[in-house]
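Listed next: structures, encoded as structure tokens.
You will see chain A twice below: alongside chain B first, and alongside chain C after that.
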Partner chain A sequence: MSFSELIQSLLDDTTRSLAHFGPELWLCGTILALLLMRLFGWDRLVPPYIVATAGTLVGFGITYFDFLNLEAAGEAEHLFTGLLVYDRFTIFFRLFLTLFLVFVIALTVLTGIPDREDGPDFYTLLLGSVVGMMLMVSANHLLILFLGVEMASVPSYAMVGFLKGRRLSSEAALKFVVYGAGAAGVMLYGVSLLSGLLGTANLPEMAARLNLVVTGEAGMADATVRTIVLSLMLVFVGLAFKLSLVPFHFWCPDAFHGASAEVAGFLSVASKAAAFALLVRLAIAFLGQDPVAWAGVNLSLGIAVGVVAAVTATFGNLAAYAQSNMKRLLAYSTIAHAGYMLMAVAAMMIIRHGGAMAVFSEAEARSEAQRAIGGLLFYLWVYLFMNLGAFAIVAMIRNRIFSEEIDDYAGLVNQCPWLCVCMLLCLFSLVGMPPLGGFFGKWYIFASLFQAGKVHWSMWAVLGIAGLNTVFSLFYYVRVLKAMFIAPRPEGARRADIPWIEGAYAGILSLSVLALGCAPLLVNSVSRKAREVAGVLLIP
Partner chain B sequence: MALLLSAIIFAPTIGAILLLFFDRKAIEPMRYTALAVTVVTFLLSLGLLVPFDTAMPDIQPNGEGGIQAGIVVEWIPDWEIFYRLGYDGISLPLILLTSFISLLAMLASWNITKQVRGYLILFLLLETGMLGVFLALDFFLFYVFWEVMLLPMYFLIGIWGGPRKEYAAIKFFLYTLAGSILMLIAMLMFYFGSASYTPGGHPTFNLLQLGEIAREGGFDPGMQLAAFILLFIGFAIKIPTFPFHTWLPDAHVEAPTPISMILAGVLLKMGGYGIIRIAFPLCPHGAYVAAWALVAIGAFSIIYGAFAAMAQTDFKRLVAYSSVSHMGYVLVGIAVWQIHELGGTDYWQMGMMGAMFQMIAHGISSAGMFFMVGVVYDRVHHRDLNRFGGLAGLMPLYSGLAAGIFFAGLGLPGLCGFIGEVFVVLSAWNYSPALAIVAAGGVILTAGYILWTLQRVYLGAEYKGPHPEALTPMVGREIFVAGVLLVFAIVLGVFPFLMFDLMDASTAQLVQSLEQGYQAAEAKAADVAAVLKERLLR
Partner chain C sequence: MQIGLSEYLIVGAVLFVAGVVCMATKRNGIGVLMGVELVLNGANVNFVAFARYTPLGLDGQIISLFVIVLAAAEAAVALAIALNFYNNHMTIDVDRGDQLKG
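This part shows the complex of A and B:
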């Protein structure tokens, strides 16, 4: 191949790739616009949130257009010489992230964090973080995996510390940075081991080579294979940090406590979603190639993930009991929910193992695995609305009563009944009560766990623990509601009058939670879409 | 017809939405609207009687050719979840009871003065949940309604309850949620288990279809037993039987009077209904294996509840423990299942009908008892049995009505409580004389604590407790509620066939299909055992 041909093919590849890179490009453009605004002082003329909203809406529009043509995006397409992959899964998560970004920006506008002065900085960080997450969900290369995680994390550190001058905030940011850097280091070590051993960092190629190693003469006992499994675990540590899984969760309550509720809400949903997307991709790429040869690893990793999930959910729920601060409580609830969601991944791994062990037929194993991932995606959608809703209401109340302590919420129902009802819907959805969306998310995951239990009994144990956790979790969510609805408002407490526009925002989020639980067509079509999207990953 | 069933469930919800448009201050109009909604719901549920064919045991409304049908609308088709409603002789009396007690409880709610609108809205949502549970024929839908009911109940106890309301409310919530998680796991077992028995291999939540599979010997015995235990614990918490009853005294005592009426009158029945509608038909083999234990638990609950009631000094707590005791008869009646008895399953059917009748009778008498306690509590603001006495002289009409209702609870012949108990005890004798004697012993204890209560509260020379000046005669609304309850207690006691006619065909069919289900499962197990033995011998 001559040099000019090489250049030409590279050019072709890049132009083709750029066509599918629209949302990211738009967000990058918006970031640039925000920075330039600051440079030339235009931010005094146009509020920065308008630029950020406009850019995000266009990004969302492009993704939505892609999403409407979801069927058209048939086979996975590799972008930028195989660094990124563009398939339905990517589109689905881009849609998720951009929609979420729209909601978060709307929230920041309503609650006035950041102020006009800091606007460009804040939105730059926010959008930058989302671009990183979008890279994470489409990563097809270990390099992008690492870059994406870092690009999502670094702006988050700054956002956590954004409330300058508040000790708590700075401390939180510092803790977050230290933990984050540690986890990133461990992950990078894993990445370098993996790519060094296999001679490539491209995920599908790695998976193919891995397959050769395992099915070849080496066998499972080989030192190389063991090192590979070890390095996979190291990569998992990096993701576990992002997912705040026990024992890598320590940053989460502190960071959420120190950050403003808006930022905490953003981190709790977006970074979780992106990290789960990445985890699912990795798990399927590495473990899906030859389930028979990998049987032992699949089973033991699946059980390990299940155990981590069960421990995470239990720890999160138990630790949440003792909290008196609303954001800390929600942080532990976030940890618990990461545990529930991780159970879906564990179930998927075990079910695929069951396909290899002939517990399920090939087709059954695929459809059950698809259901597990579909359940996870559905859960994430509901989680978007219910968790952001809870954090948004915390932010709105904070702006009125200047407190985020649960005790200070006493008797709020007399002053802002509608907001309290919205909170009720969000929190009961987090518990998983029908007819709210959270129930269906849990139901799908429980059903997958039950099916996985047919392969290995440990999944039934995980199911039992998950059920118990649901009962535990009721207690602390209800404590918040008890303060809001049952306790009397103390004399002389600050009034919390919520303007209608903020109420409408909370109303939209909580009505979505309700609709995802009982609107007949919606539940079905969302969960069907989620399964369909999950299906593209599982095509062998 | 489809419209009627949905209208019965959602009329209260629509009423609740309507209440949102009222002005916060317009308390009386809101009360009357809510009352009107419960009246309409009651009339609608009476509408179920019109097309009901008592000779037809199946679920109604029927499809073509008299097959079990109900109404079916797709809800989440990918998971085979349907909005499936219908009723038969087992659920119809309970539906009528629910809308009737709700109506009376609404009439009893006039004393609620705090946050009236919120109260009425939650009350109506609760009614939706209760009616939905009795009408749902899809396991998933049943579960959803079952949970929907919890939420309003938590707040109704938690906001409008007595001094320890928060503790009582969360305890109620946690117990029931724990039970429903067990039910959820059993639901998964049946859903995925059913796939291999249905045509086309689709799993199903259809309770009728699941029951049919069980009748033909589907679901292997081990799974049936496991599922039965899960379901039984879930429902036993609701009934409640010993040892899952500890939430009940707290919840009943702390709840405001109308909510106590609903709790005792309707919510406890859901446990019994769940066992009859779901736990037994879906796992006949498991149920048979556990039958003796169930009867024993039931008999123990009778005695335990009666002794516990006797020890109380709080009037309302006494009534609450009497519920534990009375609901024990329900469990005994359901479970007196004996294979190969003389005369087929007649005695068992008798026990089953006795249990069902007992549920209705207890619904009326216990709601009445709670109401009567509420009437006097509203006046003197205490419930200490040792500081009552002499009410008969001060409030003669009230005392007369109360005596009638307490006698109904006691099981005096001619009143509704008698029929259920006697049917249950008779059929239990056939099952196990020892347990029948224990159960019958409960009647004596019941008579003991109720008569003692009547003596302490109504008789005596004079009232020595606080606020003697407040003991004014009942107002018209209170007389109406108490009078209606007493009239029904007498009518059902004298004409029990009013209820038995509704139930007869359906219970006969249920008992028969359970018998078949058990034998099919047994035969299958025997086959499996034979095959195993053969293999071993080879």
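This part shows the complex of A and C:
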């Protein structure tokens, strides 16, 4: 190939790729606009949140347009010489992230956490973090995996420490950055070993070569194979940190406690969703090549992931019970929910193993695996509304009574009844009570676990633990509601009068939670879409 | 003696272990961050060595360039956070940050 041909093919590749890179480009453009505003002093003329909202809405619009043509996006397309992959899964998560970003920006406007002076900085960090997450969900190369994780993390360290003068905030940011940087370093070392041993950093090529290694006669005794398994575990450490799985969860309660509730809500939903997208991609790419040859690996890894999930859910729920601070309680509940969602990934692995072991037929195994991942995606959608709703209400109440302690919520129902009802809907949905969205999310995942149990009994044990956890989690959520609804408001306590616009915001979120449980048409269409999206990854 | 891939990997592994030990034992916040830098550079040595000796090729060198830039960005953010911690606590001993627990 001559030099001019090379340049031409690169140009063609780049122009083709840029056409599918619209939302990210818009967000980057918005970041630039925010920085320039700051430079020229325009932020005094136009409030920065208007620029941020406009840019995000355009990004959301582009993604939504792609989403409407979801069927048209057939084969996975590789962008930028194979660094990114553009398929239905990418579109689905871009839609999730941009919609969530719109909600978070609206929340920050309502509760006023970055003041006018700090607005451009805060929104720059927020949008930059989301761009990193969008790279994570479309990663097709180990470089993008690492870059995406770091681009998502580094701005969030700064956002956690955004309340500058507060002791708690600075302590939370320091703990977050120390744990986060350590986990990223360990992950990078794993990435370096993995790419070096397999001789490529492109995920599909790596999966093909890994397949050769596993199907070869070397087996686990070979030093190279053992090193590959170890380096995969190092990469998993980095992801487990993002997902706050036990034993890499220490940062989560401290960071959420010290950060403002808005930032905590952002971290608890967006970074979890992006990390789950990446985990599912990795798990299917690496373990899905040849289920028969991979039988042993799939089974043992699936059980290991299931055990981590069960321990994470149990730990999160037990630790949440003892909390007196609302943000800390929600942080432990976030950990527990990461555990529930990880169970879907474990179920998927075990079901694929079942397909290879002829417990299920090939087609059955595929559709059940699709159900498991579809359940995870549905859960993430419900989780967006219910968790953001809970954090938003914490932020609104904080602005009125200057406290986030559960005891100070006593008797709030007399002063802001509707907000308390919204909180009730969000918290009951977090428990998984019918007829709210959280019930169906849990139902899909538990059903997949039950199917996976037919392959290996350990999944039934995980299912039992998950069921017990659900019952147990009821107690600490109800404790909050008991304070809000039953306890009397102490004399002289601050009044919490919530303006209608904030109430409307909380109302939209909690009505979405209700609709995702009560409207059968909506539940069906969302879960069908989720299964369809999961299907593109599973079709070999 | 012929210097090959394994010698470079040993250097990388030593840097990685030194970094992890540094992260685990240092109580000074800046010391912990130095440990992180060691880990990142251990991985970088690996990347460059793999680029030279395996089919990974130029990908390895490109990744290491990206990592160098990212390490700088991360260090900038981390130092700003450490400075903010110092302003609020008058120390950068990470053990003194003990208000968040439970």
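We take it that the second predicted complex is superposed on the first by the 539 of 540 C-alpha atoms of A that agree within 3 Å, B and C clash if a C-alpha of one lies under 4 Å from a C-alpha of the other, contacts with A are read in each partner's own complex, and residues count from 1 in each chain.
FYI, a contact is a pair of C-beta atoms (placed from the backbone, for glycine too) under 8 Å apart; a residue touches a chain by one contact, two chains touch by 3 or more.
Nothing here was measured: the structure is a model prediction, and the numbers come from that model.
When the shared chain is aligned, no partner comes close enough to touch A:Ile113: not chain B, not chain C. Touching more residues of chain A than its counterpart among chain B and chain C is C.
In the superposition on chain A, A:Gln451 makes contact with chain B only, not with chain C. Touch criterion met: A:Gly165 reaches chain C, while chain B stays clear of it. Looking at the shared chain after the overlay, A:Met133 reaches neither chain B nor chain C.
The touching residues of chain A, when paired with chain C in their complex, are 142-143, 146-147, 150, 154, 157-158, 161, 164-168, 170-175, 177-178, 181-182, 184-186, 188-189, 191-193, 195-196, 199-201, 253-254, 257-258, 322-323, 325, 328.
The residues of chain A lying in touch with chain B in their complex are 417, 428, 433-435, 439, 443, 446-447, 450-451, 463-464, 467-468, 470-471, 474-475, 478, 482, 485-486, 520, 523-524, 527-528, 531.
Within the complex, the chain C residues that touch chain A are 12, 16, 19-20, 23, 29, 32-33, 35-36, 39-40, 42-44, 46-47, 49-50, 54-56, 59-60, 62-63, 66-67, 70, 73-74, 77-78, 80-82, 84-85, 87-89, 94, 97, 99-102. Interface of chain B with chain A (complex): residues 73-79, 83, 118, 143-144, 147-148, 150-151, 154-155, 158-159, 165-166, 170, 173-174, 177-178, 181-182, 184-185, 188-189, 191-192.
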